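In what comes next, chain A is part of two complexes: it sits with chain B in the first one and with chain C in the second one.
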Partner chain A sequence: MRAPLAPPTTALVAEVVDLHVGFTRNGRQVEAVRGLDLQVRAGEVLGLVGESGSGKSVLSLALLGLLPEASQPRTRGVVRVAGIDMLTASPQVRRQVRRDTLGAVFQDPMTSLNPTMRIGRQVAEAAGSGAEALRLLRAVGIPDPERRLGSFPHELSGGLRQRVMIAMAVAGHPALVVADEPTTALDVTVQAQVLALVRRLRDDIGCSVLLITHDLGVAAQVADRVAVMYAGRLAEVGPTAAVLQAPSHPYTVGLMKSRLSLTTDRHRPVQALRGGAPDPADVPPGCGYAPRCPLAMDPCSQTVPDPLPVGTSAHLRACLAEPSRVQDLALTAAPVTAATAVPAQRVDAGWAARVGGIEKTFRVKAGRGRKATLSALRRVSLDVREGESVAIVGESGSGKSTLLRVLAGLEQHERGEVELGRGGRPQMVFQDAGASLTPWLTVGELLDERLRTEGLPRQERRTRALAALAKVGLPEAVYGARASELSGGQRQRVALARATVVPPEVLLCDEPTSALDVSLAATVLNLVQQLRRELGMAVVFVTHDLSVARIVADRIAVMYLGRIVELGDAEEVIRSPKHPYTKALLAAVPDFGVAPPALKGEPASPLSPPTGCAFHPRCPLAVPDCAQPSLDVGLERLRVGADLLLDADSRRVACIRPKEL
Partner chain B sequence: MAVAEAYVPTAAPPARRDRAVRAARGRLDWLAVGLLVLVTLVALAAPLLAPHGPLDPVGTPTAAPGTEGFLLGSDSVGRDILSRVLYGLRSSWLAALAVVTFGLLFGGLVGLVAGARGGWVDTLLMRLTDGFLALPAPVVAIAVVAALGPGLLNTLLAVSLVWWPFYARILRGEIRTLAARPHVEAARLAGTGGVRIALKHLLPGAIPAAVVTASLDIGTLVLTLASLSFLGLGQSAPAPELGADAARNLSYLLQNWWIPVMPGIAVALLSLAANVAGDGVRNLMSGR
Partner chain C sequence: MLILVAKRLTAVVLILLALTAVLFALEQTSTSDPIKTMLGPGASQALVAQKRAELGLDDPIAAQYARYVTDLVHGDLGTSYRTRRAVSADIATFLPATLELALFGLVTAVLLAVAFAVATTLRWPGAGAFRLLLMVGASAPAFLLAIGGIVVFYRELGWLPATGRTDFVDAPTGPTGLLTVDALVHGRPAVLGDALQHLLLPGLAIAVGPAVSIGRVLRSSLVTTLRTDYTRTARAKGLREVEVMRKHVLRNSIGPALSMTGLQVGLMFAGVLVVELIFAWPGLGQYTAQSIPVDDFPAIAGVMLLLGVAYVLINTVVDLLQAAADPRIEA
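Let's turn to the complex of A and B:
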């Protein structure tokens, strides 16, 4: 039984009581939220964590009174904001509450801002006056705000756009800002800045923030309290420190363990959650997490657990298992087996692929019919040894994907050389695996096509294709399925099977996990590692995430604006980064702990990279020499005089001030 | 206003219509397509269904509909109008199908090659297409008939000449859009050859657009062909043709109205059926 409705308290800015939200989607009944209680207190940052399909975005729309009418939502319960029930109030009253009490920040500021309206007018519309708009833009840290008032949204970078959205959200001093994945589309260094801004605004204005995110690390960084959602219900809620130190729900434990950090054990497979999230149209009776839960008992599949206090009254969890068993679960680690150990580097290995001094430019439209030249790659050299795994790390615009595409032969470079080893053409796994599978062909046809180039007879092709599917952990039934019938994780597995059904010498991976939920990402990373070991391939793995790079790679190359600025052994680079940019990237990785020092500024546009060392405008070590147009920084061993500074012979850094690194 | 009202992302396309209405609509679409299939069958079976030969004077001239066993009456020389309409339906309808099929095949091929190859091949083929697209259909028809003489085949030739460029352009546009998608790059990386990519990874994605265009087009084509024969650019007399029969007998409109009107109604119904079926095909293929 549920507690009777508590009278509205002044200490609560929003209260959700026993909320149920259902939709009809393609003729099926979808239960997005299934009985949720949550309070947002005055002045707190509440982090709401969940994977896709957990119902967290539906909850945010319910809070804003914006549940899409077209989807015919069926609601039950109470969502009280400023004393008004946002589920039953008239549209006019709901709009009044939004205007006076609420602010909203959505994931993609480009679609949330009006593309035909200047920033100044849009912010002024929310703020009430031009002067207030200017003050807000300054408050959210937009450089040169007077000039920006006259810009259109497309003229701003992603980080600046999100700052504009935040300025509009806090206009009129709302009591609660609902931020739905506000940093997911941003680069790590920019994400760190925006998170710091959210926290600072809370301190300055005193508003509450409901920060919705799929990343427990992001929530951990800025939230006072963390609520974990699973299958439309609350799994666990409590003060951030309590939840992180003593996670009391198996799902929270699973999330924490499958999340990669800079200290994750590289020599064990990443801990993945079993199975996938439940279909919201067919949620199992009982605890929604039971089918994936390592602690599941018989009653779990019948009884829906309610959130009950654990330890302190502020820390609630919805789980039938004893807390001690959950704690034990948090402590166990996957065993190291011969099959999971990272292979030792072969010293005598030849190279599988090498690029020498390549340059690549794109002609792009620069507006008003003019053309501009974008330097995507500027004299990049990299050797990949046989069986080696190299991660290319960088933010958007760094040229990391272009480098991969040049290696794949999908782009023609202008200068320099690309040499491939005996193995011939590399194979590639794309970021959006679904889009890389031809929608009207079956998985079987796609695999068969790849094998056909080897000239195998029909029957053997089929056998090999089924073996490849088995290798990536897919059942035989997938052979006859099309991409649209598969889940996101299955598509990425199919993409891997297609790339490795004829083992290539080099496997190229373009952010294969960035679009996947944490638990799925972990299984895909494990799979890449496993295939690499079994097939002896070299892997070039492009990612923006250093913690992913550290897990998958023997060596890491850090790129900034078309150049490699640091190259070295993965563990070494993470443990003692030398280049100021590598240091900044590492500091920006969100993790359970204190907010990191943010790197100033955003990556410059590759259309007009800064002269000299492209990083100098953001670099804490920059001296006037760094901006010399004649300066051409290349990767060098670190030495002062004749002495090598690092014991690791392989480390190279592109910086003219090695002594200070 | 702290929440921007107009730019809030909404979930999923509106699913207003409930399932029963949608299912009923789906049945109507199938019905329309079924009607067109029926018309095709009737056209093909004209010799079996027609009570008399289309050229044979079998009764009293200008007999009214329903008299003397003539369901639709007889014309000025005593021929059965029903038989002439059935045979006329056959030539009009099959001619329209022939032109659309030629357009789909030839125009589609040009569009596929242009879109899949790109570069100078694309430029060359599309400029050529533009050239044909600039030709006015009736003028070309008159020129062809003037050069080769009147006749069904010559009319078809003339109309086909100006009809295929539409399909070339539509196919080419679809193929270009598809060619920019990652699955084509993935296929190329898998070592798939250019022809196979064009046929397996590009063409199937463009077919729905082409079929929808063709099905909507066929009604227009029926009318165009009828107009041409109305202008005397079709088969020569006494061959049965709906447009020509309506035109030649226009002078009987006041005394024996059924002689020009019956073939006219047949054209109107045929065009209507084709258009409704075209809409049906579009709805069914867009997977509502």
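Let's turn to the complex of A and C:
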């Protein structure tokens, strides 16, 4: 039984019929796409949502006719673009389709542009002429485009580079632009700008956009229709509003629930999908989601469900469970248990770590043989109390990771003091767990290394190591495994076990969840909270994601260009942000609903921070005084005259216009 | 870029100064006595003393070194004890033959390397056999290859000559001293063909080893570049595969291969000197080989200095080429 085709009145720019794609990876047969039907209609933005391994990027490569030959792809079905089957057409014909009909935007603008070719030439290759390249750069909102034509990619910020990619993608008026995670590598305020640009270009040019993303919130902002993929098949597709308001597949429900938002309940563990995504080399015969599905029934493990209409013919879902049961699932929440609530922070607690007036600069190459000074931290002060969790939030270049590294003693600072409490050296967990575990050591040896400093006998060390693994929810078998044999989520657990096997007084986390899928990120966040509670550690958690910060932290410090601009109780900062930058960051968090107002401009370079308050060029409240070079704006309580504006004693804001905040 | 050039040239001067110091120190500590070499063992005390004073060997070390460097700057490499001619004049006589062989070897090595890298990367038919052949060749030292080449192509097959630069007694000797170029200048294709035949065996003997080193580096950077996101971007634009290779892949792959070429040139010099002996090639290798047994220090030092200058200059050029190929490289 095949899914009904889209209404014949709507023209299709691309059509995928019963697509199967398999690869040979390390000698194993991997099924990346397993029977996918999808239509992209003329002029629509179709959001394709899925986690890693769902087959969404393979689909984008199949549409472009660029499946990697080195992986020996085996394909079945039809991928029709402009009447051409991109699976069977000759390389020349596929190339012509890419040239005339398709445009592509890839995830990482840092690596997707040729580093040795000037921007102008790269755009002109797609646009046909230098004049058209200039017009396109102007159309995608690149400031001073004449000058940028002669720039090399490394001279541009990430946001500008992604605009260049988009300019190349829309060159020659393509019928379809395939955008594979176009905003994942960007800062949140820049992400909002790029999403707005994608939507505006669609309106101007009338092309269709296939927007591939792992974040349902991103798709919700710009897509007309949303398709959800799981394990190489379509779980659900329909108009954005219908899918978000009445998700009809348990996986969509799970995705929505494990997605953190600014309103997620802080006092329950984050809801995580149970289990992990299926191994694409060994997918179960029935519905791929059945092993993790709370509604799974006997037939689910045998029968592969086809996408069938729910209500309107525009909304399809591939699930055997009754729609009403899925609806019920969406409404139930995880129970609150006393054990999971984060303990209120002790008021009388002493401090576990404190930094005062830290300054840190780096000498960097500035081109033409000159060196420049990058001010990573500019007089930063912060106290972390015993058992407290502090989140440091900021965009790239804000100095948040440098501050963490100064705390860890991994980086020498020029001025200011770092004091640690009784617990001694803090332990650190990094973003890329795979790269932070020595590849030739077993997990047991990694843990043993930490325990040996304690001078324990061998047997005792082994017992402690196994206990630490149990604490992070890993089986004993992991003790003898190496990092390469573990999944991403398991590696991050090992990193946590290594950091806590000898409980430190302070645990430092540098974006430990940002490389993980939504559902895995949720489990790691829960784990950090649980370890903090059980071991009584203070946690300093660096993240660019305010919704993550809100979940893990008692207090939030917002950083911009090497300074803390706002500091306060986590819930309070999110509920009533004061500093204009905090407000902009919050507004840019993608969520279900209308597109956020994009903050103007890009984060300024820490190589030459603007004078006065570094935020003033982007600030809606800026007055000429804000740019005064003599202005040194520090964290202050909000007061007008003698009156404190906020009751909360903890709130501090760095702004010279407290009355307007 | 100008700043980069200036910086590199300063570095060249410093390195060469260091090289002269090393050569000078070697000469000072050498156990051989230049006066004895010059005058013979039976010379009288008075004659020796007079000659020492004449050559300034009684002056303070610093003054001797200063004079050495000053002479070098003026192109004076001293006088060979053996030939009794200016070393610079000797070098001018023997250099062209060596230069021709080295250049031929270098060009051959680069061509073989590119063919090796592209053929194996793009899996051209026959690439495997070609690769095997090169690897076997590269695993033998240059002198062994040279001898093997002579045995097979000269003695057994009789296809190629085994000694010298030319069979013509009236071969042109000017204006460049490079026989192939001079043959073209004088319009004598027969001499050119003969010179190339003579170059083939010694040229290949010194080229195969460097070719494999350069080729492997180039191959691995080609493979890496073909997998990059920007190569995918270039393909997504709908560029022809030839354009993708030429405009995006090759230029971004060339950096490491350039470095390796610069390093291999040094090894190639050593190879040339040895191979010249086997093929009776009238170049600097012969000259050096004859100078060493008689302790002709000025001659040996002159050749060493020349090779040092060439090595440093070539690697400086490589650095500058890399900077030109990749705008991210800054001084």
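Basically, the second predicted complex is superposed on the first by the 653 of 661 C-alpha atoms of A that agree within 3 Å, B and C clash if a C-alpha of one lies under 4 Å from a C-alpha of the other, contacts with A are read in each partner's own complex, and residues count from 1 in each chain.
Please note the rule applied: contacts are C-beta pairs under 8 Å (C-beta built on N, C-alpha and C of every residue); 3 or more make two chains touch, one makes a residue touch a chain.
All values reported here derive from a predicted model rather than from experimental measurement.
When both complexes are overlaid on chain A, the residue A:Leu64 reaches chain B and chain C alike. By the touch criterion stated above, A:Gly27 is placed in contact with chain B alone, chain C being left untouched. Contacts of A:Gln96 after superposition: chain C is touched, whereas chain B is not reached. In the overlay built on the shared chain, the residue A:His154 is in contact with chain C alone; chain B does not reach it. Using the contact criterion defined above for the overlaid structures, shared-chain residue A:Thr111 touches chain B and also reaches chain C.
In the superposition on chain A, A:Met168 contacts both chain B and chain C. The wider contact with chain A, measured as residues touched, comes from B rather than the other of chain B and chain C.
In the superposition on chain A, chain A positions 64, 66, 70, 95, 98-100, 102-104, 106, 108, 111-114, 125-126, 168 are in contact with chain B in one complex as well as with chain C in the other.
Contact residues of chain A toward chain B in the complex are 23-27, 61, 64, 66, 68, 70-72, 95, 98-104, 106, 108, 111-114, 122, 125-126, 168-172, 174, 408-410, 425-428, 430, 432, 435-441, 445-446, 449-450, 453, 495, 498. Touching chain A in their complex are the following residues of chain C: 3-4, 7, 227-230, 232-241, 243, 247-248, 251-252, 325-328, 330-331. Against chain A, in their complex, chain B makes its touches with residues 1-16, 19, 181-192, 196, 200-201, 204-205.
Across the complex, chain C is touched by residues 64, 66, 70, 91, 95-100, 102-104, 106, 108, 111-117, 125-126, 152, 154, 165, 168, 365, 367-369 of chain A.
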